[in-house]
Amino acid sequence: MSRIGVFICHCGENISRTVDVEQVAQAARQMVGVAYACDYKYMCSDPGQTLLKKAVAEQRLEGIVVAACSPRMHEKTFRNAAQGAGLNPFLCEMANIREHCSWVHDDRAEATAKATDIVRMLVERVRKNKKLIPITVPVTKRALVIGGGIAGIQAALDIADCGHQVVLVEREPSIGGHMAMLSETFPTLDCSQCIMTPRMVDVVNHPNIILHTYSEIESVDGYIGNFSITIKKKARSVDMAKCTGCGVCMEKCPQKKIPNEFDKNLGFRPAIYVPFPQAVPNTPVIDREHCTKFINGKCGVCQKVCGPGAVDYEQQDQLVVEQVGAIVVATGFKLYDIGEKPKGSAIKGYGEFGHGKIPDVIDGLTFERLASASGPTGGKIVRPSDGKEPKQVVFVQCVGSRAREKGISYCSKVCCMYTAKHTMLYKHKVHDGQAYVFFMDARTPGKSYDEFWRRAIEEEEAVYIRGMVSRVYQKGEKVVVMGSDIAVGVQVEIEADLVVLATAIQPRDGADTLAQKLGISYDKYHFYSEAHAKLRPVECATAGIYLAGACQGPKDIPETVAQASAAAAKVMTLFSKDKLEREPIVARVNEKYCVGCFACKKVCAYGAVEEKEIRDRQGNLIRVVAYVNPGVCSGCGTCQATCPSKSVELDGYTDEQVMAMLETL
Amino acid sequence: MNKSSEKTKSTVTIDTSGYEVATQEIRSEAKRLLTEKIVDAVVGYQGGRRGGSAVPVVITDPDQAEKLVFSAACVNNLSIYLTKAKKEIRAKGKLAVVAKGCDLRALAGLMGESQFKREEVVIIGVTCAGVHRAGTQPGQPLTDSTIAKKCRECSVHIPEGSDLIVGKLPPLPNLSPTEKELMEKLDAMTPALRWEFWKEQFTRCIRCLACRQVCPFCYCEQCLCDRGRPQAVDTSPRPSGNMGWHIVRAMHLAGRCAGCAECERVCPMDIPLNLLNRKMAEELKELYHYEAGLKPVEKGPLTSYDEKDDQSFIK
Amino acid sequence: MKNIKNTKMELSQETMNVGFIKKVETLSGSSVRRCFQCGKCSAGCPMRSFMDHPPNRIVRLIQLGQWERVLAGRSIWYCASCETCSTRCPNKVDLAAIMDALRKLSWDADGPSKESYVQLANRLFINNIKQYGRQYEMRLAAVFNVKSGQFLKDLMLGPKLLSKGKLKMFHSKNKNLAEIEKIFNRIEEMRKNGDAP
Amino acid sequence: MTATKNVLNYSYYPGCSLHASGKEYDESARGLFKALKIGLQEVPDWFCCGATPAHNVDELLSLALCAKNLELADKVEGDLAVACAACFSRLKTTQHKLGENEVKRKQVEQAIDGKVSLNKPVKHLLEILARDFGLENLRGAIKIPLTGLKIATYYGCLLTRPPDVPQLDCVEAPTIMETVVETTGAETVAWSHRMECCGANFTLSRPGVVLKLTGDILASAKRAGADCLVVACPLCHGNLDIRQKEIEEVTGEEYHMPVFYITQLLALACGVNPTKLGFGSMIVSPNPLLKEKNLL
Amino acid sequence: MPHDFEPKIVAFVCTWCTYAGADLAGTSRMLYPSNVRVVKFPCTGRIDPVFILKAFQKGADGILVSGCHPGDCHYMAGNFHARRRFAVFRKLLEFIGVDLNRLEFSWVSAAEGGKWVEIITQMTEKIRAMGPLTQFTDLADEEQWSGALGNPELKAVYDQV
């Protein structure tokens, strides 16, 4: 490239006070390849830009260097101007002679010399610049939402309401997640099911939502705008098209005493069942592990009583492939297993609290089911051991949470509030009962949250004791809690009827395997990682994948809903254009020279490098080379620095451009 | 090579009787592999034209298996025959390759870099007490003075991880680690003196690129140092470009080279190239506890990182 | 020494003895700063009711560098080394080891501790090892009673145990006694040279 | 005596108490192991591990004493069998601490003027019975089932704690002692004070403390319906047995709870002559109870 | 000019942190020596050791590589890869005989204008005191092996090879 224009800005006096701009222009005219150089008071002003455009046209310039402020300030301005003059915007570069020169040096001669050097470097760079065309990626305007809890439901409804199709995948037989299990919600104490179930119905009735329950993600291919998802629909043993949801099968099933997981094993269900009466879809599923027909073939009652003939023992798992452009991950949480030896050997349990051994030591979610009007006791709070009403209930916060020793050092965020709520629910139902709470700190930031906690103490008379519990043991019918009140400095012992442990929130089992399928990153606890903790809190680093709810970290319902809507908004932003346009600063592989060592793939944080097979006309595999997916590449260039033969190059920052700058030293 | 000094030194002879055993075992294994069509070709060594010498050979016929030998003259690292040396060999189908411990480390590295898959190759590992140094007359016994420098400090006499290990290891004499000693001496010098040392070494370089030709890891289709636009390194055999070439090569081999020292063996100007590679290997071991080629690994030390890596050198 | 338990703490960089915190951390091998005062140690401590400061407060006082308050109290001498606190601490603070460290610091300072009986018993026990290699409970108890001035303590127990063959009146010397003495001497030597804490 | 006849062979560290106040533990352990054909060879001239007093005020001394004992034990073949829970805890702690802390290891090496040896597995007698010998074999060796005995198994503090060190069993809810006791056909009771501290460290200096703590333990065992206790530590035994009378006087409660060493009970069940089990040495005589259950 | 020798310093920086930090030094009007020439990269992960070699050969007296603090990389891990790459490269240069005082590395965030000024000022002063780097440039003037080894100790080692 031999016709470069150099435009030197005075920036009022910001540059010209220290840098002799005329001298720089003079020097620029002598530089190889420079066809034109001038200086002007305000290059970024309208007249300045006009001057630039005019010069491009009149001087038939093939590249320009604007020596002015930082490119972080005005690169876009001048590249737009260049484009306006009919030049590819990537043939315009800025020489930073303000922030990096005139403002930081006071000696005029030195500053002028440096400014000249900077201009020379950029001129050499522009001579090696190439036209770059913004990358466009077609966008399939359908979204996948993984997880049918409140997060997934909210995201799915928001996207669907915007007119885009949504594929919602839920692992359990019904959507609803944990929120459907809750009794009342803080800080307003409105009934969880009353606000949740209508939304569940909205999902199933929404024309834009395709619901796959009792299904899991098998594999994920593709990239932003173009994902291909294989979903495994587990065999329900009931034909969803035929089933009317009459429930006769469940009534007649002779297996009636299977512990109901939804009720935290406090109640029972048959082998053909819906997890709870308001389940969506209202289609039963056969639990093949417990069904007599599947165990020894000697039953088949449900098939006989089913009017529409929906029961199908032969049904197989089925694979379905869906094409989507964006993914919202909303897989939620599980509660930390407090027994002696919880699943997953890395984390130790709490033998000292006797959970699993003492029947009247339960976790928070079990208490929710006890307190829920639709729960196994119809909302009556009783002891699991003998069904008696507990008169003294002890709540223990931070069980598992903030316990480095147990491998979890984070705060689970919702326990302070739900424990306060529990004490209130208890007091409302057992007027002569007394609630005690052992806590370390009360963490109640949130609208009306601290007031709620104070109400539990001041109006509902819960006794809060600051201090952790050391041990819980059975003594006759009672459960003795050994704690201490660190404010008073003495030990506290309470003979309780019921002990409720506020256990830590953890990501769902298998969160890591799903992350690996999706190619997204997760922290050491297996919570999914957002792209930026402050500025990109709902996006994954992998483009086109967004996060909602507790799969990213412990969250309460309002936060979860807010994030879900935010994720939906991000999806809609992506879907607002037919094609995704990206800055063309991406890496490109020279397939002729690539030998397929895949060092580039190993260092790519975005999973943008793929293995591409090169075949001859007969289809025989000749070799495998790297391929950078421009839709995924973020343009850091680590691949190029790693590639021994430089068979991958980052457009806009090629070796040739860099070397050209270094040649001027 | 100073021959008189070789003779006057009280020589320690290394027992190479195990090589006879190895030869027999290689032959029968090669024959079996070819007869049973487990592999389509075997890469090994055969006797050269001068008695006692050995050269690489590729055999495809079970009857040719009798040609195969193993001796102290089997210096070549045959791993390059699986990648770049003769591309038509790979086209023959599945291969078996004879590998010493040091060669096996190169094979492991190449697998880690996707150059071939473990299941594509049958590795006949040879228990090796050492091979001749460059310039040794064929047929000479293996002694303190004829053994290659790398073998003096070998830690992989037995190629663990091969499909079959042949030969047996004799009791080994304690040989002085000359390369380590040299490295220590250089380390103790000032940077300026080290520069002087390497400058004089590298300025001799005639850029014949034999080092690159023979290196298992220099398998790039186009070498960065041959590129003209932009020119990373001056391609003419002059001091400046030579320095650049050897620095770039050492950097590209860091974390990959497992010390077969073929570069040094073939260098017509006797530049101690393996010293450089070895130094880098030691640094990587020190910094990241990484040793190249002990087993195929998905990511090498320079294609991976640990958030807790040392950064004491960064302000 | 005046009772400082309830006097006002005046905190400044001078009054917070950081060196003390470090010393405790080095000796015990456990972090002190990690404690966030959940109080679980105090909740489970079998000896709490005998202590003046509950265990969690001991850690708190160390965090604030209040070495006088820690060492002046009797808490450290009432710790039974049962390890319940260390076992259940959510933060991996090894309070049992910290207590050992505090006792060592108090011991080295010839203890401002009021609980001289415990100190005395420990001293006698260790002297017994040095002198005989093994413990001889009869001797230990007798000397303890003499030294502590409680001549009549456990008066009835002694003869009963003797008759049950549970206390030996006579004991043989251990063959490794010289070796044991050397260990004591070497440790003393190391401490003199500053090679050991 | 030829050692080869034995199915298992151990070096043996009895600890000071077993030669004095806990001699019935030593006697019964030897008797039981002989009956089970498990060899025990005492480490010659072992000396005191330093117990709690040493580590209480002088960690280095404590570690050095244990390290030296471990060195002595190295000279005898077989894993090291330890009877006393306190000695067991000290020896295991020493191995653990010196294994992970190089500074301390160097100091100890200087103090004992020799290399620290950490490779010898240190095992409590319980571990040997439950794991090495095995519950199945144990069950097979029972000749006189202890049917009818209701036993409270008392672990004390140091058998399982701190986490990661003894690794004998689960820290908070161990079962090893119950499983061993139950092989005899006796019944174990569920009770709350299995692992509460008896205050052993204060036996000499603060007997008042001991009376309180030990009293709580006895009360809890009685509440659970046990008619005797079983322990695996001479220090626990000392407090529960020797001080029982005193506790009864102070609290006004009647306990009459014999406190057995686990080896006494097992040996009895395995048919070892009861006169050799040191029942006579126990302050609370077990004879009335054993006779009541037709076991004597 | 007050100094006999003005060193040429080249700074390879990432655009998100250090380049922005240098901009901040500008907007804050902090003064520092004018010896530095900045080459901008998207990420330190893009910086190839070959560039350092080239810059030395082209007459740089000192080189600075600077990027985002660990954990702050705009591209998640580019600076981690760079950290390893340069940890190894500087060891190589040291063994070859380059004085590592001439090659520096730093983390300078977009908020650390002051740190940028400090690093450039110190480096300029240090290298000014060291004098020009002639090792690489001298090589360019040489045609072949000189064969002259002045130092006897070196000669001994050289002959050993």
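For clarity, chains are labelled A, B, C, D and E in written order, and residue numbers in each chain start from 1.
We take it that contacts are C-beta pairs under 8 Å (C-beta built on N, C-alpha and C of every residue); 3 or more make two chains touch, one makes a residue touch a chain.
Please read all numbers here as calculations on a predicted model, not as lab measurements.
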| item | value |
| --- | --- |
| Residual chain groupings, excluding chain D and keeping positions | one piece |
| Shared interface partners, meaning chains that touch chain A and chain B | E |
| Minimum number of chain-to-chain contact steps, chain B to chain E | 1 |
| Maximum centroid distance from chain E, chain identifier (CA atoms) | D |
| Interface with more contacting C-beta pairs, comparing A-D to A-C | A-C |
| Farthest chain relative to chain C (centres taken as mean CA coordinates) | B |
| Centroid distance [mean C-alpha coordinates] between chain E and chain C, Å | 57 |
| Length of the line joining the C-alpha centres of chain D and chain E, rounded to whole Å | 67 |
| Mean-CA-position distance for chain D and chain B (Å) | 61 |
| Geometric centre distance via CA averages, chain E-chain A, whole Å | 39 |
| Chain B, residues touching no fewer than two other chains | 224, 232, 302-304 |
| Where chain C touches two or more other chains, by residue | 49, 84, 88 |
| In chain D, residues with contacts to at least two other chains | 163, 171-172 |
| Chain-chain contacts as defined at top | A-B, A-C, A-D, A-E, B-E, C-D |
| List of chain D residues in touch with chain C within their complex | 16-17, 19-21, 23, 44-45, 47-48, 50-61, 64-65, 68, 72, 97, 101, 104, 107, 110-113, 157-158, 161-163, 171-172, 196-197, 199-202, 204-207, 209, 212-213, 242, 280-283 |
| Interface residues, chain E side, partner chain B - complex | 49-50, 53-54, 57, 70-71, 77, 80-81, 83-100, 104-107, 119, 135-136, 139-140, 142-147, 149-151, 153-154, 157-158, 160-161 |
| Complex contacts: residues of chain A adjacent to chain E | 70-72, 96, 98-101, 103-107, 110-111, 113-114, 117-118, 121, 521, 541, 585, 603, 605-606, 634-638, 640-642, 650, 653, 655, 658-659, 661-663, 665 |
| Contact set on chain C toward chain D in their complex | 27, 29, 46-47, 49-50, 78, 80-84, 86-88, 94, 96, 99-101, 103-104, 107, 115, 117-122, 125-126, 128-129, 133-138, 140-141, 144, 148, 153-154, 157, 160-161, 164-168, 174-177, 179-180, 182-184, 186-187, 190, 195-197 |
| Touching residues (chain side chain B, partner chain A) in the complex | 113-115, 219-224, 227, 229-232, 252, 298-300, 302-304 |
